[in-house]
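Report on the structure given below.
First chain written, first letter: the chains are A, B, C and D, and each begins at residue 1.
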Amino acid sequence: MTQTPTVDAARKDLAAANRILFNQNVVDAFGHVSMRNPTDLSEFLLSRNMAPATVTPGDVLAFDLQGNLLGGGAQKVYMERFIHAAIYAARPDVHSVVHSHASAVVPFTIVKSARLRPVCHMGGFLSGIIPNFEIRDYAGMGSDLLIRDFNLGQHLADALGKNAVVLMRGHGATVTGSSLQQAIFRAVYTQNNAQIQSAAMALGEVTYLSDEEALAADVANTGQIARAWDFWLSQVAP
Amino acid sequence: MTQTPTVDAARKDLAAANRILFNQNVVDAFGHVSMRNPTDLSEFLLSRNMAPATVTPGDVLAFDLQGNLLGGGAQKVYMERFIHAAIYAARPDVHSVVHSHASAVVPFTIVKSARLRPVCHMGGFLSGIIPNFEIRDYAGMGSDLLIRDFNLGQHLADALGKNAVVLMRGHGATVTGSSLQQAIFRAVYTQNNAQIQSAAMALGEVTYLSDEEALAADVANTGQIARAWDFWLSQVAP
Amino acid sequence: MTQTPTVDAARKDLAAANRILFNQNVVDAFGHVSMRNPTDLSEFLLSRNMAPATVTPGDVLAFDLQGNLLGGGAQKVYMERFIHAAIYAARPDVHSVVHSHASAVVPFTIVKSARLRPVCHMGGFLSGIIPNFEIRDYAGMGSDLLIRDFNLGQHLADALGKNAVVLMRGHGATVTGSSLQQAIFRAVYTQNNAQIQSAAMALGEVTYLSDEEALAADVANTGQIARAWDFWLSQVAP
Amino acid sequence: MTQTPTVDAARKDLAAANRILFNQNVVDAFGHVSMRNPTDLSEFLLSRNMAPATVTPGDVLAFDLQGNLLGGGAQKVYMERFIHAAIYAARPDVHSVVHSHASAVVPFTIVKSARLRPVCHMGGFLSGIIPNFEIRDYAGMGSDLLIRDFNLGQHLADALGKNAVVLMRGHGATVTGSSLQQAIFRAVYTQNNAQIQSAAMALGEVTYLSDEEALAADVANTGQIARAWDFWLSQVAP
């Protein structure tokens, strides 16, 4: 999957990605997706503060990797843009970040004994130990759970480490990809994996993918992302 | 969020709120939403007896805080208008009330050991001890569970106390807000929180938001309600 | 609710009822709804063998209370028309019958320890002991579970007794009403009640409606059926 | 149900079947359905590599029973076409194969103690012991779980044996039929049966269909497949 080569094309892809996430039930009126600026890797692109399903290319703004809005303007921005900024700063391999409150995922953020693990090949990117970020460790017992500044963003990026996904206790999940298409794919299948895992845990003891299986499946799936992206795109064509 | 300044605008907003509640799966053919008359705080506005999804501005009637229809007319009114009347009478800070039988919430009204509690920041308004109104305490073992008169409405308002939400055993929930937009927001996320909490309880022991977290999250969310309202409104435009 | 006075109007209502049951997720490609002929109580009206969502007034046929097709013709008829015939024969108060495989209801037909009971006022018609028909008692261990003849229909009608609903083990449910509108209403809320009860049982010990509450709620709901019917009808207008 | 007599008609039916599987929530952007070439039983028809919902008759390719693309061309093909090839090679009675990751079915592939069994007459084709294919037995602990070659396809076909369905651990299910219509019918009701069984197992001890009941129900259902197919087809008409 080649990176989108112009900012104009990137804005168009990012607007479509917002609509896809709503159509796929990953975001509702809240949540956001960003991508690294393909023409300047020290910037990232993110919509102004609005519901994802309604984002158009003209709503996409540029930020530096500290989360500062570039180019001025008085647009209202997402408070939690620091999630994106800190991850791009810490992870040069990440080119896209999705943050959501996906309903099937949240239970895994609030039940310590239930770890989100890959249950089928589509969830292969969930290999290793998916971390669950506890904001109380950094913001105390009385925070609003939001990543309100770059410092909290850095703690979240630290928790993410080299994983594809970081859960956020009582909040949601943040999913990364080496491309916009991969981040969307993983956001959709994080929710799908969580649904299946919840249902399976209710039935009895679960056989999870081995780490080797998960890694191999992730490689295989990555070769098939275009099939999903092209289809999802066709479903949200304006 | 400024209050709607004219009754005509309020009727229009209230009709849209009805459609939003259906679109968001909070109400079906039953349930209702009211708002305090922005030009006369001793009155409230509520549709005539009909399915919420079909309410138009012309269907909106005015009632006094005892639940009496104002301005005459022979329209059929909701039997349970006393839910709204008694809460407006008891709670000057409340400017909107949603009553529903939201399916994901009802289980929490009939299982004494399962208390509805905030599981993520979107449910921050569920701080404290959300009460569960037991109509048997006031109407005996043989009632039809409906709030048929102002006296029962007062008992429900007493149970609500200073909370945002009161559950109703074997019936549903009544959700309040300081604005129409806040009441709708809370009605949607009461259901969302209940779904997530049910799924989480099936997985294991749940970490709930602390009261400090819930209160802080409620303040933060209240600043973002317009984003949700504007989006939901766009989805139900006539 | 007055009975539809002409056969033509009844055919039109029955076609709409078929579409409503599909729209409300009670039936899929299978299931059927009948009504007693309002102009001849010794007959009932039922579609020819087809998917409910596609029934038109012209597809509605008349049968006698033994399940024989009246008026000749070579149309393919539902094998299980005897469900309807035997219930009309046994229950003069019944004017409409819905048979479905509603997914949320089937679990209650196959788990002996889980009895379908009214959990909220909308399910008040589920008062008493809702029977679960075991076809093995009449057709042995090797039947296809279908009510293939009038004799099996009579056994089912016996199991129904004076109740509103009879479950059918490994099959579905049959729901009755004193009008088409009431049968549709009850079919929708049988599924709704089953969904809520399943979710509640997973949370802990459930407080069910008392029989007095259920009966009182059924009376109250029956006065509100037109609201639901009119709305559901508006959703399936051709 | 007579077999489609021309390749052109078969391509058209197969494209419709793809759309039906998406519409019925059996496949998402992944999964595929094939049919034996009605004019040459040593070939089968399968779409090129694309999302099922978007398949048109022109996208349908022909393969031999080793999984080789016939007639040349540079189209991208499904990696897992060997599922289909090996089953057609092993089972002359099979004329259609559906492979999916249906979400309600996957839990039964990863919980050894929970066997998928027929819970109602619609799932009668699940009689006997539905096998669960463990790819680790043939590809070791580090595979990507995909049926990447004919040899793995043969092992899967061996596991299937004479059953209608074979589950695949951590992957999904493969469903067969003696006609395209029967395979689609069974794919839809495999998911339906899994949903009902999961819900029932949460309620308590389940009474399953006896093998005699399941077999009898499968015969009865097979006589009704046209009703479902015609309806599902009408829902996905281009």
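To be clear about the criterion, a contact is a pair of C-beta atoms (placed from the backbone, for glycine too) under 8 Å apart; a residue touches a chain by one contact, two chains touch by 3 or more.
Note that the structure is a prediction, hence the values are computed from the model and not measured.
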item	value
Numbering shared by both copies at the subunit B-subunit A contact, with half separating same from different	different
Distance between chain centroids, defined by C-alpha means - subunit A, subunit C (Å)	46
Subunit B and subunit C, separation of their C-alpha mean positions in angstrom	32
In subunit C, residues with contacts to at least two other chains	202
Arrangement of touching chains [line / ring / star / complete / other]	ring
Interface residues, subunit C side, partner subunit D - complex	28-30, 49-51, 53-54, 79, 101, 103-104, 106-114, 141-146, 169-172, 198, 201-202
Interfacial residue positions of subunit C with respect to subunit B in the complex	118-122, 124, 192, 195-196, 199-200, 202-210, 212-213, 216-217, 219-220, 224, 227-228, 230-232, 234
